[in-house]
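Each of the two complexes below includes chain A, the first together with chain B, the second together with chain C.
Up next is the complex of A and B:
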């Protein structure tokens, strides 16, 4: 069984600050990480591999430094990494991103039976790329899964969260899953190998030419959408924000509760 | 109005009550966009025995309804729906096409946009036609909601967007409204590749949470299960109920049925105290009906403060413990 996973290196958004005065994103000292739901996808892939065997290929499109993400995935047990990097890929929306990823996946030999994506990235957060890769490859998609098990050689059972239900879904290969980060599977220790992660040859790099792509199919030129402008979310401060000693803060809450007649006024301070 | 054309479309997602509300909200917004563009608003409805939805969409403002009433379309399936809707877009060529950012909308619309080779913006919180350029501006949260990105689709059509539930207000129900009903041809359908073999309802709504006058919500910032449990004491004293954000549920501090937000419940209490929650849109969409909100967070720049009437910058556990102590003393 050949499993492919699309991962993206993203800034650790929780640590990113927005300078509202200058309208800039402060990335200083912010670490780059593997997008959390992609990491969760990697752990589902490793769990599958440890049960039914096979090879795991991780793929990323990004600047040269995204190789770090691939090495991290190799250290966690993936067998090889593919880095899709080219100046022409920059500024891609999901239409162009999914095109480059699909082109790369369709070059893999043997063709993967299972493709994993994260449910969404923490920086772009569209959740579009997975379904759009499935569409370009013409295969089934199951989005938002928490877990997946092999049912037989060619069928899988996936658990996913619907709007109001938790669904169990049977699907045949080939299939693309998008994985929610809340699933809770941990990568088994010992599966990975630092040696493989840092050995030459375990990562290959493909550019535009290698993928047979023309300029107008990738990056900004291949995108249908444009970010016209960025602006600060209006701060809708409704009320007071207070700081101070815990005692004072609790008194403020109590006064609010009193004003709503949810508690009786304190008798003690007369 | 250009009587003939119907160039603003909404996907009729009626999967459950919640999803259907989003459709109604989008009909209202789509209708005002259509008026600005001098065209009509259409709703696409696929399924079997969809009469009730056709009536409802007409009553809520749809001008045209494009329907397929077909046994094979009874259950939602991304690939089947993509095949049908893509062929209809090819016939009628709408300019704008909207869907709710529901679980289904968010997996169906990307696939459809890809098949149509057009752009899609995700989970929009505002939509408007720019007065100067005439561009259809789709506003979506960026950087975890700290920034807003105004996205446009200069050349590709239709301009597609999924929209955050609750962003727009539905029109009132007009039982006398009429809409044109069209049954476009249904193309040959691809085979169903996905079989739902079990569907487990997340545990039934606790009536008491939905109707509670006071709701205490704990988030990840509660830090531990032991700390989280103090919220039950607090709720008991205030005669309220406890709710939670996704990370608190995932940590096993409380059951899924207490989850609030986009994928959980919505509450409308008189007072909601939200503790150790950052204020992600997916959560705050479930509490926006609250009359008064008190937020406790140690980070003074936490977005939750923007929806709070009273913001307390402090340590979650310390505040909760002290508050319980004070309230007990007063009893």
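Up next is the complex of A and C:
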């Protein structure tokens, strides 16, 4: 079984500040991390690999320093990393990004049976890339999953969270999953794994030519959309204020949690 | 000259910071209050190879370079100096001499369980009458024809309460009365080795520092590390590395003080505005940051020399000296920024203030570091 994962290196958004006078994003001192839902996808892929075996290929498109994200993925247990980097890829919207990723996935030998993507990135939050890659490859997609288990060699059971329910979907390979960051336990690589991933381990680099892409398919030229304006909005935290005695407060909070299906009757009695 | 951390070191810092903030920070207040050694943290980081930082993979370690090892110690100490100390002493002065001077038997039997975190190491040099003057040590080792018999008392043994392997410096007295210093590996369960109660320390609480007594403790010759009479040279070379680790620990403390003070200064409102807008507070933060960064570079420079196998005795003494002073100064200024609240246990700065001081004392006092540096200058 060959599993491919698409990841993106993003600025650690929790550390990013907005300069409200200049209306710019202050990235000074902000580290780049693997996008959290991509990391969760990686964790699910590794869990699947530990059960059914196979190899895991991690792919990212980005500037040369994105190699860091690939090596972190190797430390978490991936077998190889592919860096898609070229000046021509800069400025890509989600369509152009998905196109480059799809081309790279098509080149993998053997073709992956399962492809994982994060559900959405913390820096642009579109949620487009996974579905677009699946469309371009012409394969099935299950989006927003929390977990996936192998049912047989060619079928998988994926848990998907809806607004107020969790559904389990049976799907055959090849398939693309997008994974929510709230999924299972993330892998915490040890120091030895990091040492090995950053001193050895193969990173393959593919550019525009290698992928057989023309100028008008990538970057700004290959994009269908452009960000016209970006402005910060005030942060509004919604919340209900509940007052009363301790016992009443507990009951009120439990009712609220029940209404959101976050606790059920049994848990309530605990 | 490249003074920037490489990609691996950036990721290691981020990983360790996340481990320390998520899994260690919630334990620190209780550790300080009760002196409890956090077993749950030990098993968590053992699985992540914090107990075998520079030990190669084939002996179960992480195989890190010396600068990366400093980054690990620094980031743990930024949250808990007591646990930074545990990692620093175990790796720097217990595992290091075993790795450099140990034979195959010793590497297999002692390094492997230590690198896995199953057995924590100590370095027992200090005695009631031998502190800065290590040559005054009174612990003796006598050869009885088939084994060595050790007698003496070691004090202020860092990690002592939880140790499995102890490196004991002893003197072998010849018939002519000449004392030759020799190092022994003594397991905690060995008959004749007895541990005292953990000391009630001013800081570094949670690290069980205690005395270790040896009463007719029989140690086989395969537990002798290096040759007879080689103890002092092993101690000196070990301490050169150990001082880099303590320097890294001090940098971590200084950074912890700085981060806590920035956070507090931004939140604290007086005279209708954040105290971070006051020039006096800004000046203190700037001093703390500048001294922390200077100390960090000295520590990395010493570590980098050691990594390359170059002389680093003077540089490690300089790094340890200035990093310790930076930690004490950062704690003092940090507490001043926190004002009255800093004098309570509600904020970690009070704990850092108590933790920092010992950096100027152990692994060679600041006075000893100045002696080492000046000797190198004047030789």
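To be clear about the criterion, the second predicted complex is superposed on the first by the 219 of 270 C-alpha atoms of A that agree within 3 Å, B and C clash if a C-alpha of one lies under 4 Å from a C-alpha of the other, contacts with A are read in each partner's own complex, and residues count from 1 in each chain.
What we mean here is this: contacts are C-beta pairs under 8 Å (C-beta built on N, C-alpha and C of every residue); 3 or more make two chains touch, one makes a residue touch a chain.
The shown structure was predicted, so the numbers you read here are calculated from the model rather than taken from an experiment.
Looking at the shared chain after the overlay, A:194 reaches chain C, while chain B stays out of its contact range. Looking at the shared chain after the overlay, A:51 reaches neither chain B nor chain C.
Considering which of chain B and chain C touches more of chain A, the answer is B.
In the superposition on chain A, A:87 makes contact with neither chain B nor chain C. After overlaying the two complexes on the shared chain, residue contacts for A:67 are found with chain C alone; chain B is out of touch. Of the two partner chains placed by the overlay, neither chain B nor chain C lies in contact with A:107.
Of the two partner chains, chain C is the only one that A:33 touches; chain B does not reach it. When both complexes are aligned on chain A by C-alpha atoms, no chain A residue touches chain B in the first and chain C in the second. Within the complex formed with chain B, the residues of chain A that make contact are 13-14, 16, 18, 25, 93-95, 98, 122-123, 125-132, 134-136, 140-144, 157, 161-172, 175, 178, 182, 184, 223-233, 235-244, 246-247, 249-250, 252-254, 256-257, 260, 262-264, 266-267. By the touch rule above, chain A contacts chain C in their complex via residues 31, 33, 65, 67-68, 71-72, 75, 188-192, 194-196, 198-199. Chain contact summary for the complex, chain B toward chain A: residues 15-16, 18-19, 78-79, 82, 102-104, 106-108, 110-111, 113-115, 117-123, 135, 137, 141-156, 193-202, 214, 238, 246, 250, 263, 270-271, 273, 292-294, 300, 303, 305-315, 318-319, 322-323, 326-327, 330.
Across the interface of their complex, chain A is touched by residues 6-8, 10-12, 14-16, 19, 47-50, 52-53, 57, 61-64, 68, 72 of chain C.
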